[in-house]
Structure formats: C-alpha cells, structure tokens
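Chain lettering (A, B, C and D) follows the sequence in which the chains are written, and residue indices restart at 1 in each chain.
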C-alpha cells in the first residue's frame, strides 16, 4: 500500500514535469498552429544556464533566474529569427525548420559549454526526504516539483481565463483577424506566448537539473513524450495538457512499477522480463494510439 | 594539445620526402596510416575525445614505436552506418590498421569489413562476445577487456563484500542484458529481482521505490553515460545510499561522470581494471602526463587508448614500421610486449586480454576530491568465458 | 419548364430536421421539399442557418433529429460520398476546387468520380480522348470554352464560380445544391450566371441558396424563407414578394448584396 | 527535337549515376561507389515518401519503421539461414526472390495496420500517431534479444539473385539503380493515373472530392501502403548493402531525415527527392569529413531550406507544387 502511494507520487511528479513542458508547447501549437520541435532545446538551455550560473555564483536562486531568462530569451530569439516566418506554412516545413534548429542548438551548446555534463547539486533547502505518511519518506525536491507543477497550472489557469493577455490569447486562437482588427499587435502577442513557453521549459529545466545529468540531447528525450502528452490531451488546450501530463505520468510510472510483476505471475521469468520491458517502453505510445482511435482530436481539444 | 601541430608538420614533411624519393623507397619514410573511427559528436562525444587524446598522448613526434604514423580520425556520430561507410572508404584507400571505435554496435558494423579487406582491427574499448568465441579472427585484437569481464568481476566483488541478496538494474538492451548475465555468472548469492529500465529513461524514482520495498543487501546497476549520472544522483537523493550500497561496473561512473555527479558518487563500489589511483609507476606517469597535456583527469577510456597505442607501437617497432609484413606484425601484437598502464597484460587464445580486475570504491581523498580508490584485487589473470570456443587458424 | 404534379415523389424531402450545437439551435424543425425539375430557392439573413442546412443535406454533418429523404429513400445516416453517388451534387459558398490542377482536370476528376472506387493506377485519364471531350463540353456549357488548360489558381473569381458548376454538373447529379453561387460576383457576372442557371432549370432538381434577390426572383419556382433556423414561409415568387411577415423579417432589413 | 529542361535534367542525372562505377574505377575515389549506392537506396525511400507527402499530403513522421522492418526481415531470415536455429521448422533461405517479397509483404501488412488506424486522424495528429507507431516498432526491434537487440544483426552475405552476382559492389550498384528507375517510373504512372488524380484531389480539397462521391480512406490507405512498400524496398537494399541492420533504421531521427530529403528535393515531383537525396547525403558526408561539429552547419541549412526553399532545389525543374 505504502509502495503504491509512493509510486502514485512518482507518477504525479513526472506528470508535473511533463505539464511544465507541455503547457507551453500546447499554447504555441493551439494559438499559432506551429509544431515546434525546438521546445525540448529550451529545456536543455534552461538546465545549462542554471548549472553554469550556480557553478559561478553558488546561488541556486540566481541559477533559477538564469534558467528562466536564458530559456525565455532563447525562445524569443528562435521565434523572431525562424518561427515567425512559418505561421502560415504547412506543418511539414515547421517540422523541418525546427529539426534543423535542434541540430544547431545541440552543437552550439556543446561548443559553448563543452561535452562534459556540468554538475548541479541539489540546493540545501531541497535536500533530503520528509515523512509524507507513516512509513513513507519522500524526497523534498520531488515534492517541490509537484508543488511547482500545481502552481504553474494555477498560474496558467488565471492567465488564460482571467487576464487581458489570456483573453487575447483565447481570442487569438479563435479568430486572428478579430484580434488584429481590435488593434492589437498579434505579432507581439505571438512572441510573448513563445517566450512564455520558453520560460516554462526553463523552469522544468532548473527543477530537473539537480536530479538529472545535464547533457546534450536531454531535450529530445523529453520532447517526444511531451508531444505525446499534448496529442493525448488535445492540441491547444492547457486543460488537456494537464490531463495528458498526469495520465502519461501515471501510466508510465505505474507501468514501470507493476507491469513486469504482473506478467511474472503468469509467465516464465525470462519471457516476462523481455515482454514486460518492451511493453513498458512502448506503454505511452500505446496509450496515445488508443486515445486517438477513440477520440481523434484528443481528450479535451481546444476547438472541436 | 601542443603535440598536434608538430604531428601535422612532420606528416607533411614525410609525405613530401616520399614524393621526392619516388615509389621505390615508399616503405621507408611513409607513415603507417591508422584508421581511427570514433564517436566525437553526440553526448557520448567526451568518450571519443578521451580516446583520441589518450591515443595521441602515446605518440611521440608523430611516431609510434619509432615508426611514423598518420592518424586518420573520423567521427561516426554513434551511427554504425556512418562508421562502416568511413571504414570501408579508408580500407579501399589502402588503410590496413584500424582502431578507435567506442561502442559495441558500431564495432559490429566496422570489424567484418575491415577483416574482409585484409586489415587489422585492434579494439581499444568494446569487446563484444560475438567476436570473442566462434567468430574470433587472427587479425582482430581486443586490448581493453571482453564485455562481460567487468560484470563478472562485479559478481566476484559482491561475493567478497559478503552480499547475499542483490537486486539488478540495467537498461533494456543487449549490453544491459549481457551485464546482468555476466554478474549472475560469478555471483553466488540470491538475486532479489531484475529490473530492466527503458532505453531513454531519465527518471528512476519508480525503480528506486521498488528497490526500497525489496530491501536487498545491495544493488548492482549498469547505466552508462547520462543515465548513470541520473541514477547515482537520484539514488543519493532518495536516501537509499545509507541502507543499500550500490555496486557498478566502472563505466557506469568514469572520471568525467564523477564531476557531473558530485557528492552523490561518494561510497559507490565499482569493479574496475584500472583507476587513476592504481599504484604503479607507468600509471602514475600516464595520469600526470595526461593532466599536463589536457588539464583534465583521464578516464579509463583514455587509459585504454593509451595502452592500445603502446601495444600497436610495440608491434610496429618489431616490423620496423612496415605493416606489409603481416605475419610478423600479427605475431608481435600477440606477444604484447609493452608496459601496460594497467599492470599485467597478455592475450588469451582468442586475442582478448588476460588481466587483473579490482574492487574499487569512490571515496574522498586527502584533498577532498572524490576518486576511485582500489579496495582489493578480485580476479587475477582473468580471461573470458568465450576463449574456449575460439578456433583460430 | 417541366410541369410538376403534386402526386410526384419529391427528389429531396427534409422532414423536421433539427441540429443544435450546445444551446444554439441552428436548424429548428425544418421541413422542405424539392420536386424533380423544380428550382427551390432558400433565402434568409446571414446566420439563419442556410449553410448548416446544406451541409446536413449533403452529409457533412449529422442532424440531431429528423430525416432526409432522397428520391423517397432515407439517407439521413449515409455518409457524404454515398449521397453524392446517389445523385446529389453541390457547389460551395467558398469555392472548393483543386487549385494546382487545370480547369479541365477539375472537371475530369468529377467525370472520373462517377466510376466509383476503381484503383486504376496505370492509365492516365488525361490521355482518354472521350473523357477529355466530355470535360471540354462541360466547360463549354458553363462558358469556359478554351480555358481548360489554365491552372485554377490563374482563373478569375467569376470563372472559378463557373468552374464549380461545371464540376458539379459533370458528376451528372439529379439534385443540385447551389450554395450562394453569385457570392462575390459583379452585376455583369451575376447576370451571366443567372442565364446559365436558367438554362439548367428543369433538367435537375435545384436547391438554391442565394442573397441576390434579382436572381432568386428570376429563377425560383418556389421560395422558402429561413430565419433563426426556422422556415417561416414557403411559397411562390409573388407570394413571397407580397408577404408582410417575410418583408418584415427579411427583405426589410437585409439589403440584397 | 529540343529537350525540355526536365528531360535534360533526367538524362544528365541518369548519365551521372550510370557513370559512377566507371569514375570510381578510373581512380577518382573508390569510396564514391559506396556513397552513390547509399544515395540510390535512400532515393527509393525518398521517392516513396514523396508519393504520400507530396501527392497525398499525408505527412508521415514514422516512415523509418518500414525502412527498419524491410531491413530486419532480411536480417532475421539471414540469421536463421546462417548459423541460427531454424525458425518455425524452416532453416531460412538466401534467395532474394523469396526473401525480398516476404519483406515487402511484411511492410505492406504493417502499413495496412498503421495506416488503417492513423488515417482516422489528420494534420498534427496524423504526424504524431505515425511517430508513435514508429516508436513502437523501434522499441520492439530493440527488445528483439535473439536478433541482437540494440546492437543489431549482422548478415553473413548478401542475398542471391539468379543470373547476377550482387556480392560484387558494381553489380549491386547497378541493381539498385535499376530498381530506383523502375520504382520511379511506377510511381510516376501512379501519380498520373486516375488513382493519382483522386489522391491529389484529396490533398487539395477533400470536401470537393468527398462531395463528388469519393471515399478518401481507401485511396489514402492504398497510397500509404504503396509508399510503405517502397520504403521497405529501400530497407531491404540497405540491409544487403551494409550487411547489417540496427534498430537505428527505425529511429525517429531517420524519419525526420527522410522528410528533410523530400522537402529539400521538392515536394510532389518524385524526381526532386532523388536530387534531394544526393545533395543531402553528399553534404552530410562532406561536412562530417570537414569538421566533427558538422551539425552546426547542417542544422541551419535544413532550417533555411524550410524557410526559403518552398519548391525544393529541383521543384522548378520538375514542376513541383508550392506549399
């Protein structure tokens, strides 16, 4: 029972991280209709900026600020330099252009920071574990991750539903011409949303950096999963991204925790291991395929 | 880095010399071309860098074993197809000696073509079981280790440490499965469970929870590269280090990974063939020279490349730099008459190493740095399980 | 003009059709007939639900309730392609053509579509003389003779509207749904198109949605007025012209555009 | 009769490809043959992908799965033929005329399955669901323990064809060239046929086509399967060329590479992607010889192609569509 609760927390934590990445991506896709493969790079840039500043100054807080700023600015730069020319183009060109940017970013980061993965320790106030339930201690940093995910969800909800920017965002998603007619500079709105997506990636990056190796290619490793999340949730919908992130987080975590054991009950160990591991690897893709077959536009699409 | 321009100038010089001297004397001054295909881009690129730098450290003024050599270095981007393409191209242009490859799957792509073209391959890192048994070849040498050796040494280490119940974790691919098989071959206690992680997994919280609930005496985990750093960091953060010690093969935590793992590496046990702390003059000299040349601590990959270079050098010396004398060159390689940084070294019947393995521990040294200290020798003159199946003609 | 007797089966019959999107009722218990050979015009202000009705008739969206009968057969649950194969042709309010194709290729597509689901992967229909001649003759009928080799993207707006009709006709339908064929046309072009439609009248059952009241009065046998998803009146041209409620509801505030 | 630009380009390209073995032999560079052979094989995949992206607007981000599957069928059969234990009581065969159709049938079957499910969606969902299926195939290949798993599978020797000996590099090269020409001619028949007319109509205006009585699904599925078979053929040839297969063949980055090649060459031209392949692979080769940081150049090149090369490098010559 304790183990199950711990695994649920793990799923929640993974979901929180995926949500930070997916919410920005889904806004970018929903509002501007752009498939942005570079999104994972923002996350990597955030982690590298954080590690670099922490190494120089020793302050986690400064590192976090650097991550948000670095990832946000890089996102804005990408939008201004490349993505803004792709808004009305076929998805195919967006995929290709941003694929090229991934190659570029990875190589540029390795030239700037070197190939050696930099170190970032867990800041003192996030170290160790605290008792969550009798008999269950859970690492503080993972709890902080969950808390931060909840804050981001709340913040985005307020932003999208209860602010002027959010109104513009929603209007922009529905009717570009209308927003332009209102005399609002839609170009700046787009850049802003792109930057916001970058900042959220930076946040995920700085939160993940103490737990993960900060290395080239870390972005692509989460990118595809992030896409799975938003496609499951329904492209363009922040609520969908939340549901998708939690679903994928849970399915992945619980799958890893229990699928091999369940198979071992009924199959010989060697077969169970192979099959289990294969099934676990593909679990979220199977989930996505199933969801799309039942609801081709995802669970909570922004517009039907 | 200082050696590079000199090498180049010398190489140019020798080419000019041979051009002037004409083809009749080509054998004399002409450098031996060595096809050096390794992984320089991608996240694993740092390993390729160490391999290249370690190899070049062994070269003196562009010479190995007093014979001028020309390294033809090419990046394979960790793509077997690229590596094969490069190797075939080099072989067609007359390169007879190859080394450098860093990963088993790349090696599997490169070696058959090289051997078919009549060339030599001397591996400075992977030693997959495919080429160690029935498919061994007289022109194929492994100067590093057979892939299973570290895992078998880890099993022996676990026995020494008195563990009765060990839980195993490895990624769900061939090398991961081989690792766990190797461990089980020598470990005498009980296996508390085997967990196969996903290939691209970065977070291990779920697996750590399973370890916690199974309460083994220790875990043995094999995750190379970034995943290894992730695992160690998260293991330390979960507090498991205090109750369940971790045992790994050396390449789950090389010198550069220690830098990225920090304190979390403290207290981890590892099976190893060499560490910077190995107490012999050749090793000390190598570590010092490497640090001086590149201002960083060498990894085991650099050491293996350095030893491989010296092995090749010894054989080149024996044939006076004429690699055309194939039989002599082969025989000289087989003798392995060079001072290995790792200590004792000889070839078994399948031309894979027979050498010693150690139990090591990551711990702080006098100046507070985490280093890989030698605990004890767990295997002496250790060969591999496949040698018996090799029928060399 | 063909004489229509009350006893004949309507070619299209809509029975208490209803479509709601959430709280919004776009089609509210609409019943309507088109007799063979009849030109039935559907008018109403913007947002009255005319296009929603057309898309339900051709099968692109499903009604919430009610039935659609084509030549007496219930087609309410049939998908759009199946209805087209039964003989239901349409044009679109916003031109739907293959813009990378030439004009004649668009017509050719329509001719080829008659042959069902054949996977002929060998023969190039552009080399089939009979098909090409047929396509050319449809272009001639709508006044596009000699424009066949022009890519659609280079045609003028009016020409594209004419091509739409040629494409729909080449499928040889028995019922035509014309969704604002005059939209965006100048008076000259509208008049030409009206003449073209007059020529088609009687050969097909036609349901015409149109804002151009001159055209509607010139062409229609009967007119239905749709307001807020409801048919408020159906009758002959004169009856509509004189009907006070219709004048108030529609003709009063919406100028023909 | 004067040649059109298009005909001239075809003649020149064909002459160049025909001349490569002679050039290589004449001493230009023996590696040239391998490079050109690689181009031929990838070009078959690129032409196939163009069939559905360029003509059918089905942006498959998972086509590498067919490349991988085609290769693996060859690899697995070879494994059982040489040394491995028999499979289902059969010891395998090295006859290309048996193994190759088997591999292509496997690809067709997978395509029916994947296409049947994926074509229920469109747009970004289609891109992602094809990617998801490719990832599944990738993970299956990685977990095929007895076939080398992640390390891949070596082939003892190339498959055997009657009358010609494809173990000779030049012969194999000309076989690939012949297959590329045949496949491209077949595809050009397809796109100009009634089937192709409808496929292209579905791309340009699905509503128009549907309201003419065309059911989109069977046409799209058929095109998807044909394209998968072509890509599978490339996989089969690759397995024979490289004589080893790895799960890499089905990785998502490979799918991306194929897409890049098609766009580079010019969508909806069939011939453009062949030129695209040549440029892409040659560029990759040159840059990686020049510097290990070649991706910092290659990346922006891809981006620029996407931004400005609306018709690809050969779109103007071969009359492709704009995006």
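As a working rule, contacts are C-beta pairs under 8 Å (C-beta built on N, C-alpha and C of every residue); 3 or more make two chains touch, one makes a residue touch a chain.
These numbers were taken from a predicted model, which means no experiment stands behind them.
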Any chain that touches chain D and chain C
none
Please strip out chain D, keep the others put, and tell me the connected groups that result.
A, B | C
With centres defined as the mean of C-alpha atoms, identify the chain lying farthest from chain A.
C
Between the pairs B-D and A-D, the one where more C-beta pairs touch:
A-D
Could you state the distance in Å from the CA-based centre of chain A to that of chain B?
36
Between the Cα centroids of chain A and chain D the separation in whole angstrom comes to 32
Between the Cα centroids of chain A and chain C the separation in whole angstrom comes to 48
Find every residue in chain B that makes contact with two or more other chains and list them.
41, 45, 172, 199
Interface hub residues of chain C, defined as touching at least two other chains:
none
Multi-chain contact residues (two or more partners), chain D
139, 142-143, 145, 293, 295
Chains touch in the following pairs A-B, A-D, B-D, C-D
Of chain A, residues touching chain D in the complex
29, 35, 82, 85-86, 89-108, 110-111, 224, 227-228, 231, 235, 274, 277-278, 281-282, 285-286, 288-289, 292-293, 296-298
Report the residues of chain A in contact with chain B in the complex, numbered from low to high.
2-3, 6-7, 10, 13-14, 17, 107, 110, 115-119, 121-122, 127-129, 137, 139, 141-142, 208, 210-218, 221-222, 253, 256-257, 260, 273, 276-278, 280-281
Mind pulling up the chain B residues that touch chain A in the complex?
41-43, 45-46, 49, 172, 194-200, 202-203, 205-207, 209-210, 212-213, 225-230, 233-234, 237-239, 256-257, 259-263
Residue numbers on chain D that touch chain B, as the complex places them
29-31, 34-35, 38, 139, 142-143, 145, 148-152, 154, 242-244, 246, 248, 285, 288-289, 292-295
In their complex, what parts of chain D are in touch with chain C?
189-190, 192-198, 200-201, 204-205, 207-215, 218-219, 222, 321
